[in-house]
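What follows is a set of structures for review.
The following pair of complexes shares a single chain, chain A, combined with chain B in the former and chain C in the latter.
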Partner chain A sequence: MHKMRKIRKIRKLFLLQLAFTLAVCAFLIVPVVLSMLAGLTVNYIAGLSSGLTLRWIFEVWDGYRDTIFRSVGIALACLVVTLLLGVPTAYVLARTRNRAARWIEELLVLPIAMPGLATALALIASYGALRGFRTSWGFILVGHVLFTLPFMVRSVLAVLQSIDLKTLEEGAASLGAGFGRRFFDIVLPNCRQGILAGSLMVVTLSMGEFNMTWLLHTPLTKTLPVGLADAYASLRLEVGSAYTLIFFMMIVPLLMAMQTLARPRTTKFIIADDTPVPDAKP
Partner chain B sequence: MYLLILPTALFFGAFFVLPMARLFMVGGSGSMGWGAYAAILTDKNYFNALLATLGIATATTALTLLISGITGVFLQRHKFPGNAALVAMLTLPLAFPGVVIGFMVIMLAGRQGLIGQVTEWATGERVVFAYSMFGLFMGYVYFSIPRTILTVMAATEKLDPRLEEAARSLGAPPWRVVVDVIVPALKPALISAGAICFATAVGAFGTAFTLATRINVLPMVIYTEFTMSANIAMAAALSFTLGAITWLVLALARNAAGSSVAAAG
Partner chain C sequence: MTVPLSIQLQDCAKTFADGTRVLEPLDVQIRAGETLVLLGPSGCGKTTTLRLIAGLEQPDAGGKVLFDGVDVTQQSIEARNVGMVFQSYALFPNMSVAENIGYGLRIRKLAAAAQRERVSEMLEMMRIAPLADRSIDQLSGGQRQRVALARALAVRPRALLLDEPLTALDARLRDTLRVEINQLLRRLAITTIYVTHDQAEAMALGDRIIVMSHGRVAQMGTPHEIYHQPANRYVAGFIGTMNRVQGEHRDGGFACTAGRLRWSAAQASATTELLFRPEDVTLVGSDALADLVGTVTASLYLGDRTRLIIDVDQAQPLTMDCLARNAPPVGQSVRLQVDPLGLLALAA
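Right after this comes the complex of A and B.
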């Protein structure tokens, strides 16, 4: 009797928590679905009955195509720069585990702790007078590199710290491999995972960066998030939604790749020798 | 080998260390001199904005920790069919920038939003709060939930379920298990996740920008000083102070939690 009541109580608690989790899920997902629908309906207020259309998507494509290409370009350039700067830095930090190395790591992470507005104002105060630089997309790129570099360094560093780099390198050196050979044949292949994870992170963050970019951009160097803010402020809801939909299509695959990569690899099927191999599900 | 770090050092020195030093100097170069740095406490408008910013950040942190704590522990402890799908949905907004979060709030609580439509249908009156402080608060909570849930889930995974069972078998009611076993064990994770919530809510600009220019939080004030009143010295002083606050919160949390803490977004 007592036990039954206890089980019922546990079951009730489970259902309560499940309901709560579903409510949180709805809070996060409902607006995403609504905005996707709004981007594809003729008139959002009239509802889906007004019909589906690709008109808004085309309108965004005509008016804001350049921001999409610019954002992709900046994200890729940012990736190249963070790879060139970040991977060697992570290597040096992994090989020198002393106080100085920890200080450098601390310092490198500062741009993430700084509000984007502060970093942008600092860049404008220092280099705003160089007109050619100020009005080029290179100015935005500098901000993005500052903001994303720590993620690349950390992600590569985490992998390098988990392997015995020193022994591997000494082994190679004893066989006569020079520094260049060791870096390209031992270090780089070993931190492939970290480089991949860091790269996805850098591209995703650069594509979505707004806090800094809003002050760094000029009318001729608008990025996708800047265009989004423009569209939200001045165009009808359907166009803003269609624009957001395009952004989702670009960012969600990156995010999914990142999550797949982050999941630790587990052996999915453990089959004892005497059990028949089950058929793969269609 | 140390030469390899030189390009990063040059880049970082030229584009971060020097500009930050310059920002600090600019902050003291206006009509108020170095007093600009004190204005955040002495000027009523700035001080109110500071209070509003800290208030909204505190509220965001508290509510986000509560929501993500319950959901995160639940999803990690109970593996039922559909669990993975729920986790995927809850972490989907992870990469949304502040502007998009602002738009999500508008979809929910804006003039043409869902809440407005439902309340109009139910009561005849349209409830719209996206463009107020409460809308901003909702946006910050929306933004912080995904990353906090991930942190809580990771920490719960390391928590030994036998501890909870032991407490239960000794007759502890569920709330005692939560207060005496789960919360203390998750404390480092909650501190570091909370600090990130707080720091992001203090420094975020995109969401407030999308929702309205009338919301008086510090990032909006800085932006208005810079663009409308062209008071660059004041904008510099305020943003430098804002940066110092976020840095301090993250550093304190790192000391308390003992793990690496960094804000994002």
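Right after this comes the complex of A and C.
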């Protein structure tokens, strides 16, 4: 009898936990689903009974297509710049183990810690007078690079610090490989995980960046998140929601790819030491 | 194999950027084809010496590294064509076993067929052919060691430099690989510099050994010389087990608290300490003449022999070995003879 009571008690606890978990999930997911549905319903106020439509999606596509392409373009340009700047920076930081290197490592985080608005204002105050630059998408790119570069450096650096880079390079050098060969044959392939994780981080952050871009953009250089704010502020709710839906469709596959690629390889296994014994007598 | 290389270090000192002198000026002549072991505790300068030869460090101004009489001091490691094996193996995790072994050949732009042939030759030689396509993280320590050796030898280096190659392995595997490396080096007759802190490894592998201490050469010689004629007490204590007895030269012998060692007048000096190996001590019966008497304080059964620790009223008890069936019990008083030929009087 006692045992039965105990089992019932455990099951009751489990059901309670399950209910709580489901409630939290619902709380998080319901707004997402509602927003996506809003972008597909004919009239949000009337509800789903008014029917489903792709009209709003097409409307966004017609009106804001350029912001989508611009965002993708800036994200990719941002990736190229952070790769070219970030990977060599991480390499140098990993090879230099002195106090200066540690300081630079810490300072790199500043652009993340500072509010995006502050960074944007500083950029405008410094370079706003250069009209050609101020009105080009390059101005936004600079802001995005400032914001995302630390993520690239950090994730590459973390991988480089986890391997014995110095000895690996010495090994390659002893086999005749000069600096260039070593960098491309040994350093880059061995920080592949960090580069991939950093790249996906940079692209997703750049695509979704709003804070800074809100101040840096001009009417001719709107990005997707800025356009989204515009749509919600000035157009029907359904259009804004359809916009969000498009954003989701672009960012979710990216996030999933990030999860898959950034996961460390799990196929590691060590085989027992079955090295053959020499046939000669010791 | 190519003609073996002779290496010469002239006045090679090394001071690090922070001012620490890790190597006092060193002059060494390494003969073509010999295996030279650099032996010493950590921080004695042995690895720095190896790195100077490899080209991974530059000697202080005035120092010179010569390969077959040619000054290579300014040459980088890439240009020196030396094979190197690191304690951590430094195998490239992004490449398979075969790719690791073939990397040096790829750098030298060897034809693909020749590369393949040399790689499979090395795989055969190190008996790791079945592992060719494995990735490095699927290998055990012993297997990694073989791959590292194969990779270093694949490019037919002028010299082979090994930095504590067996330290990361467990004892049994270390013994096996030690024998194997020994056979390999004899067969290849390649000039080899081998760094280790393990005296057994040094004795087994070295044609000559340099015992180092605090950046200086304590002694250079064959394993036999190092063991039987240590230059000073540091070397004597570092290699094998050494007994020490304090006393003084008196009446044609060496008198001490436990008796009198037979010490011929020819050997005699003003020393107050004599050293001898455990194997120079034997147990004798009550009918024979005894040099020393003492009491057994510990008896360690080692299978093939028994190691006895004997108190002789000295700062340090004596160590000796005897057959297990002759081993006296702990607490028994024993009579000992010490072979006069084994007695050493050494400077500190």
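Here is the rule we use: the second predicted complex is superposed on the first by the 243 of 282 C-alpha atoms of A that agree within 3 Å, B and C clash if a C-alpha of one lies under 4 Å from a C-alpha of the other, contacts with A are read in each partner's own complex, and residues count from 1 in each chain.
By definition in this document, a residue touches a chain if its C-beta (ideal position, glycine included) is under 8 Å from a C-beta of that chain, and two chains touch if they have at least 3 such contacts.
What you are looking at is a predicted structure, and each value in this text was computed from that prediction instead of being measured.
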So, A:173: does it touch chain B (first), chain C (second), both, or neither?
-> second
In the overlay, answer first, second, both or neither for which of chain B and chain C A:63 touches.
-> neither
Of chain B and chain C, the chain that contacts the larger number of chain A residues | B
Now for A:189: first (chain B), second (chain C), both, or neither, which partner does it touch?
-> second
Answer with first, second, both or neither: which of chain B and chain C does A:244 touch in the superposed model?
-> first
Note: in the complex, chain A contacts chain B through residues 13-14, 17-18, 20-22, 24-25, 27-32, 34-35, 38, 44-45, 84-86, 88-89, 91-93, 95, 104, 107-119, 121-123, 125-127, 142, 145-146, 149-150, 179, 204-205, 208-211, 214-215, 225, 228-229, 232-233, 237, 240-241, 244, 247, 251-252, 254-255, 259
Per the touch rule above, chain A residues touching chain C in the complex are 163-164, 167-168, 170-178, 181, 185-186, 189-190, 192, 268-278, 280, 282
Touch list for chain B against partner chain A, complex = 1-2, 4-5, 7-8, 11-12, 15-16, 18-20, 22-23, 26, 67, 70-71, 74-75, 78, 86, 88-100, 102-108, 112, 114, 142, 145-146, 174, 199, 202-206, 209-210, 219, 222-223, 226, 232, 235-236, 239-240, 242-243, 246-247, 250, 262-265
Where on chain C is chain A touching in the complex?
-> 54, 56, 76-79, 81-84, 86, 88, 90-94, 103-104, 107-108, 127-128, 137-143, 146, 151-152, 155, 161, 173, 175-176, 179-180, 183
